[in-house]
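Notes follow the structure.
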Amino acid sequence: MLLPLADAIERFVTDGASVALEGFTHLIPFAAGHEIIRQRRRELHLIRMTPDIIYDQMIGMGCARKLTFSWGGNPGVGSLHRLRDAVEHQWPRPLELDEHSHAGMAAAFCAGAARLPFGALRGYLGTDLPAHNPNIRRVACPFTGEMLAAVPALNPDVTILHAQRADRAGNVAIHGIVGAAREAALAAKTLIVTVEEIVDTLPPAMNAIMLPHWVVSAVVECRGGAYPSYAQGCYARDNAFYRQWDSLARERTDFLAWMDEHVLGNTDHHAFLTGLQQDVA
Amino acid sequence: MLLPLADAIERFVTDGASVALEGFTHLIPFAAGHEIIRQRRRELHLIRMTPDIIYDQMIGMGCARKLTFSWGGNPGVGSLHRLRDAVEHQWPRPLELDEHSHAGMAAAFCAGAARLPFGALRGYLGTDLPAHNPNIRRVACPFTGEMLAAVPALNPDVTILHAQRADRAGNVAIHGIVGAAREAALAAKTLIVTVEEIVDTLPPAMNAIMLPHWVVSAVVECRGGAYPSYAQGCYARDNAFYRQWDSLARERTDFLAWMDEHVLGNTDHHAFLTGLQQDVA
Amino acid sequence: MSTCTRDEWMTVAAARLLHDHSVCFVGIGLPSAACNLARLTHAPEIVLIYESGTIGTRPDVLPLSIGDSELAETAACVVTLPEIFSCYLQAGRVDIGFLGAAQIDRHGNLNSTVIGPYDAPQTRLPGAGGAPEIALHARQVFVMLKASRRSFVERLDFRTSAGYLDGHGARARSGAPGGGPRAVITDFGMLTPHPQSEELQLTALFADASVDEARAAVGWPLLVADRIDTIAPPSAHEHATLRALNTRTREAHARPVRIPL
Amino acid sequence: MSTCTRDEWMTVAAARLLHDHSVCFVGIGLPSAACNLARLTHAPEIVLIYESGTIGTRPDVLPLSIGDSELAETAACVVTLPEIFSCYLQAGRVDIGFLGAAQIDRHGNLNSTVIGPYDAPQTRLPGAGGAPEIALHARQVFVMLKASRRSFVERLDFRTSAGYLDGHGARARSGAPGGGPRAVITDFGMLTPHPQSEELQLTALFADASVDEARAAVGWPLLVADRIDTIAPPSAHEHATLRALNTRTREAHARPVRIPL
């Protein structure tokens, strides 16, 4: 249950797997993504509503065969250049797209969490997305006859989240913006959660967000595991780094050099963070 | 927005309306139900997963034409005798049943809250319920072809909840067991919430359960409004009263006498509670 | 042990079926007592879920209703009812579901809806509640029900929840994901489904009960296994723990509630 | 006021369209600035929702991303993303949605997906995000987009979100519940749909902009209303409030983040 990060990725994330690193702007599991890059996983089907920098890095490093997503940019900044390069120029390899809207992908995660085969929504009306994605269909209401949009359930082989804390039994407590992380977690066959800290006893959750221990496959203690994203109550989002990424990742060579130095060149997330701190200083 | 209970019922609960008083064991809006009885509403379509004593009273007093429900007993005690009398002997009037399982009714409330026309579930398999309820149908997954159960959305004309507190703007905070109350609230055309207290400012909710002011039609301050059910953090469930109800409601005459004295004989909930306290003393 | 009631014996027998760490969807009454007895004896890490959305609850006294405050206060977390039913039960995350009923048939199908015709009932019962989907999705179902010819019947008046349907694999062919009723704990002992026909057969008796008693209490010609196990009476520890739990519960439920004025 | 930029003027013009107490589904960038400016000036009780699930948020500085901690900390509550999209947006509980895009056509349809063919893109854009359903369900949509012949185009490369489709009531016939794009705020002024044809027409200009400037910036023959309103420049109060907000924001985003070691 409690594992080092390298062991958790080694054991649960296999080449070819469908993998969802979720967290909507908040609690993005960067450390786990970096470890997947270090272990040079290939042919992954990446799933994430908002690919963000971590998927830009994984795609640019050639980990991904396919991407299921609904918005692929650097929030408030602009493009994800590695994602664009993969789609526009097949570099470093072609990337198959399974493209949705947020509402559609949320419905797909909800269906996955409930183990229903599809989710229905009033959506995708008047857009060209269904013409390019056979995973967007229609279903008739058996009472009114109204046609609704339908998407197939998302059930990732592995979902990876970052959270503030877990207890030794593996119960995970999440605080703050949660996006579709809970649904992605409950939809997964295997759930890995990296946390800022492992505590003896979590405070009583009552109505707060908790993932109970028996839905969690592995808990990894990893301080700063969401950086440069953030963990509410622990550290802020490094908006300056998000801006800086735009130039760091624009050119292939700059990108590869940065990844070499900062991700491949460090054995773990602590070393990665220490290296960045030296850069800043 | 802030109204006395009698005014809120007078204005929003009309004869013939579909009305959901929700709250799963916890936070059952007894005071509001009693006010509906005092105002002698008729032909109501009552909706509630677990009818409980409050619906036993409303049905026995002739308020209801129809009942949508999934479990109609006195929890841990036995039958609801007035509900039984209505179904078995049409007393005081016939009661049409729209009967579901908990899972089916939960799906119907969720669909209502999302303003979808139906909800789907893997349910009702091997049961006789669909044979007696045309509101339980089937829908085919447009991806796998699997047949799922389907129920029509529940969108009550009025949902009434009880909660611990609201602020003066009408934001409502709920703490503890919530059942399908949030979905029933969001599914309603009109939402009335009685609360233990109205405060100047609610504490920041973050991930706690909140109903924002613009989904709430009326807030009513009504201390003890859930009694003999309970309000987490305020007062406990009166299990002794629930046991006692079994004998109070078994015979029509005893029931009518009790309702006359305690509900019709009091002008409001405060007087009702005061009267019960005198009985106890 | 001579003072042990059949209710207590049933409770203890059911508790013994529960493994530590298993995830149980608990109903009110005997199942709630059995699950908490297991938690207080051999299964301290058992996960108890009540349909009110309380997950991992560890009540000190038994709740009267499915949603007493005790359940919320001692829970690891409280989720909505739609979430409990869709993301936990329907998603296959429940190991064991407990069900009671007014009637059971030889294939473990249950009636908790009505005695007599649905549209002209002789006795209207509370209805389905969570039962149809617990019966469908829990990996195993345990039924707790006292036996009589009115409750163990040749033919149900209404089928609320699926057991093995008509037996001989009919349940699996229907697409029901869960394993169905693996044990019926009653007040003479235990019935379990025959491996082929899925008809309930007598496989265990309380130490002081007999096959004749069982046959007399069942409304169909009861199948009796070749070998009948004996269910040992409650141990001193089991018995004391259960009695203490029931005493605490009685005291708590009798405690006057302050009327909130 | 001579120092006011067109970005600021657009922001102020959009802010003025917002009524107090209205419920806005806010996007990042100019819409976020406009909504918060409205909140800090004439609409203190406006309800701002960001798609990260933050409801009733009152940030002191503008967020860079749609889910900065500032939004959660100042929100009335934070719900899940599925809940925001299904129980608020889809349920018709949003008065005003803001959208941007890379391309807009004369009927207010938007492209934020791709320039060039979908399967062989010239420029891959971020994609739909919340836009298709915001466009569908919000009672009114306001579009904020700087004009050029590359962005205001005769024909979209990809239709991500529906405006009025082909106009003349096509949107309403499609079953779209929301009212569609009621205003396009751009850097010369504002376009609004013609009541019959639903083609966007020039109905308002910034005080220092001209019809010729507008025509030059639009890639289709621009319809010009008989009467053109003038959009007054930002008042001293509006201007000062916006500049202070932007200054606070710049300072906050430049503040170094402690790397969590």
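In this document, chain identifiers A, B, C and D correspond to the written order of the chains, with residue numbering beginning at 1 in each.
Assume contacts are C-beta pairs under 8 Å (C-beta built on N, C-alpha and C of every residue); 3 or more make two chains touch, one makes a residue touch a chain.
What you see is a predicted model; the values in this text were computed from it and never measured.
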Report summary line: Via touching chains, subunit C connects to subunit D in a minimum step count of 2
Query raised in the report: Touching subunit B and subunit C alike: which chains?
Result: A
Query raised in the report: Looking at A-D and B-D, which one has the bigger number of contacting C-beta pairs?
Result: A-D
Query raised in the report: Quick one: subunit A and subunit D, Cα centre-to-centre, how many Å?
Result: 27
Query raised in the report: How many angstrom lie between the CA centroids of subunit A and subunit C, rounded to a whole number?
Result: 41
Query raised in the report: Residue numbers in subunit C touching 2 or more other chains?
Result: 72-73, 78, 86, 90
**Report entry** Per-residue overlap in subunit B, given as positions that touch at least 2 other chains
**Finding:** 115-116, 121-122, 176, 178, 183, 206-209
Report summary line: Touching pairs of chains in this structure are A-B, A-C, A-D, B-C, B-D
Requested in this report: Could you please specify the touching residues of subunit D with respect to subunit A in the complex?
Outcome: 28-29, 51-54, 63-69, 71-73, 78, 80-82, 85-86, 89-90, 109, 113, 118-119, 121-133, 135-137, 158-162, 165, 171, 174-177, 253-254, 256-261
Requested in this report: Note which residues of subunit A are touching subunit B in the complex, please.
Outcome: 115-118, 120-122, 135, 137-144, 146, 148, 150, 152, 174-176, 178, 206-209
Report task. Going by the contact rule at the top, pick out the subunit A residues touching subunit D in the complex. Result -> 24-26, 49-50, 69-73, 75-77, 79-80, 83-84, 87-88, 99-103, 106-107, 109-110, 121-129, 132, 176-180, 182-183, 196, 223-224, 227-228, 230-232, 234-243, 270, 273-274, 276-277, 280
Report summary line: Note: in the complex, subunit A contacts subunit C through residues 113-116, 169, 171, 183, 186, 202, 204-210, 212, 214-215
Query - Parts of subunit C lying in touch with subunit A, wherever the complex brings them together - result: 21, 23, 45, 47, 55-56, 72-73, 75-78, 86-87, 90-93
